[in-house]
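After this come two complexes, each holding subunit A, first together with subunit B and then together with subunit C.
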Partner chain A sequence: MNAIDSVRDILTRNMRQSGIVIAFLAIVVLFAALNPNFLSPTNLTNIVLQYSYILILAIGMVMIIVAGQIDLSVGSVVALTGAVSAVVVIRQGMPWYVGVLAALVVGLLVGIWQGFWVAYVGIPGFIVTLAGMLLFRGLTFLVLDNKSLSPFGGTYYDIANGFLNGLLGGNGFDVFTLVIFGIAVVGFGVSQWRTRQGKIAYQQTVESMPLFVVKLVAVAAVVMWFGFQLSISRGLPIVLIILAVLIIAYTLVTQKSVFGRHVYAVGGNRHAAELSGVKVRKVNFWIFVNMGVLASVAGIVYSSRMNGAQPGAGNMFELDAIAACFIGGASTTGGVGRVGGAMIGGLIMAVMSNGMQLMGVPQSMQQVVKGLVLLLAVAFDIYNKRRASVLR
Partner chain B sequence: MRGRTPLLALRQVSRYFGAVEALVDVDLEVHAHEVVALVGDNGAGKSTLAQIVAGVLSPSSGQLEIDGEPVSIPSPSAANQLGVASVFQDLAVCENLDVTANVFLGQELRGRAGLLRDGDMETETRALLEHLTIRIPSVRTPLRHLSAGQRQAVAIARTLIGQPRIVVLDEPTAALSVAQTAEVLTHIQRLRELGLGVILISHNLNDVRAVSDRIEVLRHGRNNGSFPATAAHEEILAAITGAA
Partner chain C sequence: MSTILEMRSITKEFPGVKALSDVTLTVEQGEIHAICGENGAGKSTLMKVLSGVYPHGTYDGEIILDGTTAEFGSINDSEDRGVVIIHQELALVPYLSVAENIFLGNETRNRFGMIDWNAANRKAHALLERVGLDENPTTPVGQLGVGKQQLIEIAKALSKEVKLLILDEPTAALNDDDSEHLLELLRQLKAHGITSIIISHKLNEIEEIADRTTIIRDGRTIETIDMSEPGSTQDRIIRGMVGRDLEHRYPERASVVGDEVLRVEHWSVDHPTQIGRQIIIDASFNVRAGEVVGIAGLMGAGRTELAMSIFGRTYGRNIRGEIYKDGKPIQVRTVSEAIGHNLAYATEDRKHYGLNLIDDIRHNISAAGLPKLAPRGWVNGNEELRVAEDYRGSLNIKTPNVLVDVGKLSGGNQQKVVLSKWLYTDPDVLILDEPTRGIDVGAKFEIYTIINKMVAAGKAVVVISSELPELLGICDRVYTLAFGRITGELPVAEATQERLMELMTIERDQPLPTKETAS
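Here is the complex of A and B:
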């Protein structure tokens, strides 16, 4: 396969995936052109900090959507877990890790509760989590006595606001950050190389060598540039480390584990999956347990970032997380979607919000634009599917 | 064929749904290297019988035997363990997954740390498809990009994972075109050549006569005659409709 063919192949074979990356880059370039501050080190750091909790939610949400369900309760769960943590740490004066643990346990219980109703009673996730949205919001008000609690301070505050900086020194930039990004780039390169070698060993088509190298160098350059921007700002955000670990872990779970395979099977054809020996109830149960725990992680990060808990925290987060999944290529009918896609979808939302804020676009207009982007993304998806089925 | 212990035997199997008698005292034997066709009108109990053998339904009374040993088949995965694999009427595949993932669904190969061994599964799938002379562009193709006939071929291929000895095919050609049907029928003959016992359920007498060794007729949930594949069309039809 020569270079031009493989470029065309990459563009057409997976229009949906590459289209979304191109759209993301286009939006970044647009805002960079409109506002010189957009790509400044401080602002890049801010984007990571501001939207990390939506991205964490989107990881769990994409698995639920792939299985053909939906979770409307995550915003309320973010509020509830943050509130429990605040009560434990601020009101009871316990150490920060007890608060973290308490939040995780509450998230786990919420997940078990919702998983039970969906998987073993057979109520659609839409209804169970709609009830959960009200239920957990109400519990948040009860836990907090209708009052906000703040401040956390100390280590808990650092979870979402702290940076690793100066561990290895550096003059005007943080060497440690660059080292971590360097390791990440090398790791990415090695894994891409091994995938490519594997494909060749199994006689699958791969893109031509020059194109492969260009792709790697482009990714490496963008990532290292981003790392450098962070390193001359405040260093490596702790939240970014949490996020990276979660993304890598869940990419493995969804693409390389039996459980992940079964999630896709249940979403694709529940009946066939059941007849093939997939334990559909177990799959449905565990995706909701998983979502509960991830929502509690997001709750911890959010309460830490806000340095306190409010009864109204996390309102509408579920919609941002769901939108991130659909913009990132998940199918409304289940069976299709990837963690990586949802992350790009979430970043598109993040970059748009941040960019429009920098330009002083009023909140009302931001909502309008975001709504249109979601609509267009799904319309594009459906258009592509129709075209594909005509081609068949 | 007679006299040997059958691979699979149903003895006086009955199944009731409330007051409805779906199957009444049905006997059926399947030997290795044999395709047994099960024919009958709508509601004759063919699919009920298939589901009992596949572990989806359990019999109300009667006995199932494999190799002459009494067995119970409480679930589809129990059926897999006993060496019974099935393909059901309504194209039971996941269209969003690729060929390999469908073939190994529910019986995935795991490596270290419980991760999927994708490479090995692909190699085996390719060998399996070749074995059955199934032609599919790539084992990485998601099933939604394949024709109905190719999908049914994948469904048949997936029955061979885990070395089954008995394959139950419930109307495997119902949704297919003429050419696709012919292809699926060759795959069924390959199954017989591989030494498996096959139960083929079909409406189409021509298909049945083309590939089966023996034709068993069900009528109102009861045995209503056993015919060699060479039997006259009218004779079998009479047994099905009860005109005889």
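Here is the complex of A and C:
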């Protein structure tokens, strides 16, 4: 297979995925052209800090959507877990890690609660989590006595606002940040190489060697450039590390683990999955437990970022997370969707919000544009599917 | 007789595949024209070209309808010209009434633009009479059986003033009575001047009803046979379809029966929702290594219910009875336990219970045996691919690669994917529920060959089927199931279709024949 055929093959086979990546890059280029500050080190750092909690929510949400369910309660859970943490740390004066632990436990309990109703009582996730949305919002008000609590300060504040910086010195740029990014790029290259070798060993077609190298170099260049921008700004955001660990872990779980495979099987055809020995109820239960815990992580990050807890925190977060999944190629009927896609979808939303804010576009207009992007992304998806089915 | 339809040199290409190549089809006014061919031969593609699903311009060639060239841009265009296609999967809305379904998209409006339900129901009633269906037009369609739904589809076609009716596998899901009724209706329509094109795998039906038969193989027209000529037999059609003489429709097998592998005793099952209604009553049977045992039963006899209640209690409630595996009693409370005891069950309903149609062949094959690929909970993707490729080769799944979505395969190839999935779990007992439903002669032969390979490897196979010749062709022993009871057990040497049918129709209040007469 020569290089051009190979590129075309990759593009057509992954039209949906590559289409989204191309759209993402186009949006980045557009905003970079419209506003010189968009690609500045400070702003890139800000994008990461501002949207990390939506991305964390989208990781859990994509698994729920793949299984054919939906979770409308995550915004309220973000608020509740942040509130509990604030009560523990600010009002009770406990150390920061007790607050983190309390939030995680609350998230776990919320997940168990919703998972129970969905999996073992058989109520659709839409209803259970619609109820949860009201329920947990109400509990947030109760926990906070209708008042905001702030500030956290200290280590808790650093979770979403802190940077790893200066650990290895550096003159004008942070060497530590670059080393971490270097390790990440090398790790990516090695894993790609091993995948390729594995494919060759099993006599599958792989892209040609030059193309493979070009792809790796391009990815490495973009990632290192991003790392360099961070290093000349404030260094490596702690929340980026949390996010990276979660993305890698959940990509592995969804793509390589038996549990992940079962999630796709349940979403694709529940009855067939059941008759193939998949414990459908268990799968449904655990994806909601998982979502509860991830929502609490997002709650911790958000409350840290806000340096306090407000009764109205996390309002509409569920819609951003759901939109990220659908823009990223998840199917409304389940069975299709990827963590990577949801991350790109979330980044598209993040970059657009941030870009428009920089340009001083009013909030109202931003909402209109985001709504249109969601609609067009799904329309594009349907168009592609139809085209693919006609091609068959 | 004049020609109503002429399709000239139709060529339809998809990227990488030529689905139709220079196909010619001539249909005379007022005839019933059958189209035969193996799955994937191009029958459905040809009908999609004819009905405008593939619009004009996406194929080469010419369609001449009633003497004028037809260039359909969509299904609506073809329906305007009186060409109506009824697909294998019925397109009715279960919650809407019969009349609402018949006039869906074609509603009669009064002068205020509102639907005149009285007029619609009256018209629907007249249409139902024409198709010989005595049902209230206000009954929700979901309450009617598949056979009746099929007739409603035809009534819907009649409401569109159909001239050329295309039926894709109309009897695939119907029992014998309903099939007979449908064929009779086609004859009546013919008497009223409506031309029909029928695609079917049931060659005896074609022999019975078709005036002429066109055979398609590998995207080409092989021949058109006049069915009134002597020698136009099923064997002649099969020869054309597979391109070779199919001397035996069932492959030979030397039967080497070993020890008993599975025994089910006093098995009783209640209906899952209707309390007190017994679906299976005191059923007992066994199967030995290297043996193919058939379970013959009419639709509604409880065949699938019997199998699914055994396979991890996936059907029914209040399940009573014992299961013995290799002589020892076992508990099979869940599907995982069933798989753990090396039982496998391939469902009769591939699309709803057997496959994840939006996932690829690879993942479908590994679905039940995933723990084997993931010793520590992580799936070995390369090994998974190798396994899938192995089965693609050994079971001859026709696909360019195993990363193709299962939904895009033909019925026969889908069935092979289902079998691959279960073979990969290394079962000792394989229960196959209607393993050849809706698939063509060539693929059937392949499935039978696979069954033979399995029993040659010492596995025990239970085949549930309503096709008696099939059971007689491949089994060592046949049980009959009627109204939830096992009514007889015959070695295949003593079984005839007539004898089996007698046993399959014994009702619950009738006494069972004594063992002497039964065996």
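In the analysis below, the second predicted complex is superposed on the first by the 392 of 392 C-alpha atoms of A that agree within 3 Å, B and C clash if a C-alpha of one lies under 4 Å from a C-alpha of the other, contacts with A are read in each partner's own complex, and residues count from 1 in each chain.
In this section, a contact is a pair of C-beta atoms (placed from the backbone, for glycine too) under 8 Å apart; a residue touches a chain by one contact, two chains touch by 3 or more.
Worth saying up front: this structure is predicted, and the values here are computed from it rather than measured.
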| item | value |
| --- | --- |
| Room on subunit A for both subunit B and subunit C (clash or fit) | clash |
| Touched partner set for A:F116, first subunit B, second subunit C, both or neither | neither |
| Touching partner for A:F188 - first (subunit B), second (subunit C), both, neither | neither |
| Touched partner set for A:F176, first subunit B, second subunit C, both or neither | neither |
| Touched partner set for A:F228, first subunit B, second subunit C, both or neither | neither |
| Residues of subunit A at both interfaces, subunit B in one complex, subunit C in the other | 198, 201-202, 204, 252, 256-258, 261, 264-265, 268-269, 271-278, 331, 335-336, 392 |
| Complex contact set, residues of subunit A against subunit B | 198, 201-202, 204, 252, 256-258, 261, 264-265, 267-269, 271-278, 331, 335-336, 388, 392 |
| Complex interface listing, subunit C residues touching subunit A | 14-15, 54, 58, 311-312, 314, 334-336, 338-339, 345, 347, 352-359, 363, 366-368, 370-371, 374, 377-379, 381-382, 385-386, 389, 408, 421 |
| Partner subunit A, residues of subunit B touching it in the complex | 54, 56, 75-77, 80, 86, 88, 90, 92-97, 101, 105-108, 110, 114-116, 118-119, 122-123, 138, 140, 145, 158 |
| Residues on subunit A engaged by subunit C in the complex (per definition of touch) | 198-199, 201-202, 204, 252, 256-259, 261-262, 264-265, 268-269, 271-279, 331, 335-336, 390-392 |
